[in-house]
Amino acid sequence: MEDEFQGTLETEGVRKNFMFLNRKAPYGSIYAQEIQEMVLISAAFEQNTAVVFMDDGVYQIKKGQDTSATGMKNFSPTYGIFQMEKEDAEEDEDVDVVWHIVVEKESMEARGLTPEDFVIDVEVMDAAELQKLMAEQDVILTG
Amino acid sequence: MEDEFQGTLETEGVRKNFMFLNRKAPYGSIYAQEIQEMVLISAAFEQNTAVVFMDDGVYQIKKGQDTSATGMKNFSPTYGIFQMEKEDAEEDEDVDVVWHIVVEKESMEARGLTPEDFVIDVEVMDAAELQKLMAEQDVILTG
Amino acid sequence: MLHTVNKSPFERTNLKSCLRLAGKGDAIMLIEDAVYAAVQGTAVADTMAGAKDDFQVYVMGPDLDARGISRDSVIDGINVVGYDGFVDLVVEHETSQAWL
Amino acid sequence: MLHTVNKSPFERTNLKSCLRLAGKGDAIMLIEDAVYAAVQGTAVADTMAGAKDDFQVYVMGPDLDARGISRDSVIDGINVVGYDGFVDLVVEHETSQAWL
Amino acid sequence: MKIGILVNEGPFNHQASDSAYQFTKAAIEKGHQVLRVFFYYDGVNNANKLAEPQSDDRNVSKRWTELAKQHRIDLVVCIAAALRRGIKEDILADGFRISGLGQLIEIGIAADRTVVFGD
Amino acid sequence: MKIGILVNEGPFNHQASDSAYQFTKAAIEKGHQVLRVFFYYDGVNNANKLAEPQSDDRNVSKRWTELAKQHRIDLVVCIAAALRRGIKEDILADGFRISGLGQLIEIGIAADRTVVFGD
């Protein structure tokens, strides 16, 4: 019984749909930064992955972030790794995980943003489409 | 110079207007509870004191709080001490500090509450009156 | 799907986002400071009264009690549950989404 | 009086409360996630464009930069300042109120 | 049913850890298995054993320790989030262990349900 | 001018401590005297010396320590809030001291300006 505490859980051969839902602006709080680490670790488990930016979360991927005068760490380059993971998943025939990187249209438009404003390529979905994607998920993690 | 670090600041003979502004609901976060301690400590310094409940802060003084099933501490009885401090300040002729315990009318009404819903007696002020009171303050502490 | 909302509808837009994204028939569990959304006679009561036609809405009883909100003041059609009822809702729905 | 607001106007009502309680001619300093309120072309831009007639509105430049918001996109009449400018505002106004 | 829990906030400042605790307790009482409780973001502060709340208030960290002991629940603190905030072995409360973020993803994969508590 | 600062949130999770630090530094550079920085609520977590952020990120606690040393700033952590959250002498970063909430009220009385940073 004691190893239950130290052990790893059985995950072999299971593929689920994971969504990482980003609703918070970057820098004002740490959620945007630390959820990145979740997504990166998750990629190693080869699960289907949907990274979603809605509400103020769409600001996370805004181009041109320069944190030098605030003394904080600029973590926006890391989103490029998300895109690479997605491209790898699409290109690698041995790996059949599905990646989505999604921006909710309503949130984007309320903030006067367009897909050209973002550091990575995104699928723009309206609330109805995003709702459908959400309904397909097994696990939704957020911060 | 070294005692600057350990010492107390010079406060003798100074009387200022302090406002403690409560805008957050109780229990969901700790601000309501810990700002109480500020108000109580402040009373010992005999400053003019305005305790204000606005926005979700008006919920802090709602009657009938019973936290037993959540396992949290019910700190609403402590508001009674605010009222005692106010009454003491009004009755004691040697002490001429002024106390206000204020609820913003707009916030109260939006939540369907009336002064009878509160555990202590309050002055109800509309936003314009509260703005005037706020403008008279030297120090505004909040959480 | 089960949605949990824990923020006051007067101060934050979490509930609004939840209502925009939730599918018809989904369950919504109001906990912590979101329980204020379940109360009659407030500025957001109409929104919630409408929401309960599209969704199954639940509110955490112990969180109502803690905040001194009488269970009698809960909008008709919103169900008051305890932590055990919350567990049942999680079990009944394959996925939970927390609108933090 | 100087008001500081640090929360996004899209997610929280802090700015709205500030605008309701601030006196005519008061200064409002937008920092951290509140800098989004200073940007042209958003759903809250009209509110802020109106606010700057009644108040002196300032926005923290380093917080705009961190978030990739071009200083050119700031609403006309809202002044971009740095931490030193923020200090000056605190000095100029006898009382500061943080709308947390 | 196998349930996993994610706690995003520290003790006292937000109700998240309280709600997660009450939920976990209720799930166990109903006969479910709580596979693991994972602490991330400021949630790592729940594992600080030095906490000494006032005597008339709950002790959030200790309560987790006791629940874990009683029901053999795996309480895992994320190492990266913990290092950033100064939660280390020296001050780690009984019943908690420090490990990688992969242990959270494991929950998602292995548990039937994952429930998140935060701010 | 004499300025006092109140920091309501812990390091990293919110920008409050960063903004307070930049503000304090700027105030000193402009020749003002920062009488005291008081840490309350989760703000007490800024004083945890065990924090080890990633090498490419700022060290919030250490930065306060250094600023305090350089400019003789009084960094005070509220004892009640600190006990509740497990911030004790054993893990207290250099330059911070633990004291009562009265030290915050003193700021309000003795300083010309009091500025609050929080969530």
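Letters A, B, C, D, E and F mark the chains in the order given here, with residues in each chain numbered from 1 onward.
Throughout what follows, a contact is a pair of C-beta atoms (placed from the backbone, for glycine too) under 8 Å apart; a residue touches a chain by one contact, two chains touch by 3 or more.
Just so it is clear, the structure is predicted and the values come from calculations on it, not from any experiment.
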| item | value |
| --- | --- |
| Both-way neighbours, i.e. chains that touch subunit C and touch subunit B | D, E |
| Interchain contact steps from subunit A to subunit E (minimum; 1 if touching) | 1 |
| Copies subunit E and subunit F touch via same or different residues, half shared test | same |
| Between subunit C and its twin subunit D, rotation from the CA superposition, multiple of 5 degrees | 180 |
| Comparison of D-F and A-F (more C-beta pairs in contact) | D-F |
| Farthest-lying chain, centroid of Cα atoms versus that of subunit F | C |
| Farthest chain (mean CA position) relative to subunit D | E |
| Between subunit D and subunit A, distance of the C-alpha-averaged centres to the nearest whole Å | 30 |
| Inter-centroid spacing, subunit F versus subunit B (mean Cα positions, whole Å) | 24 |
| Between subunit B and subunit E, centroid-to-centroid distance (C-alpha), Å | 33 |
| Whole-Å gap separating subunit C and subunit F, where each centre is the average of the chain's CA atoms | 38 |
| Where subunit B touches two or more other chains at once, by residue number | 27-30, 55, 70, 72, 138-140, 142-143 |
| Touching two or more other chains - residues of subunit E | 8, 12-13, 15, 22, 41, 54, 57, 80, 114, 116, 118-119 |
| Overlap residues in subunit C, where contacts from two or more other chains coincide | 6, 10-11, 13, 32-33, 62, 82, 94, 96, 98, 100 |
| Arrangement of touching chains [line / ring / star / complete / other] | other |
| Contacting chain pairs - touch in the sense defined above | A-C, A-D, A-E, A-F, B-C, B-D, B-E, B-F, C-D, C-E, D-F, E-F |
| Interface residues, subunit A side, partner subunit C - complex | 21, 23, 54-55, 106, 127, 130-131, 134-135, 137-140, 142-143 |
| Subunit B - residues contacting subunit C, complex | 24-29, 55-56, 59, 62-70, 72, 74, 76, 110-112 |
| Complex contact set, residues of subunit D against subunit F | 4, 6, 31-33, 62, 82-84, 86-88, 90-91, 94, 96, 98, 100 |
| In the complex with subunit F, residue positions of subunit A that touch it | 27-30, 70-73 |
| Residues of subunit D defined as touching subunit B within the complex | 1, 13, 17, 20-23, 94-100 |
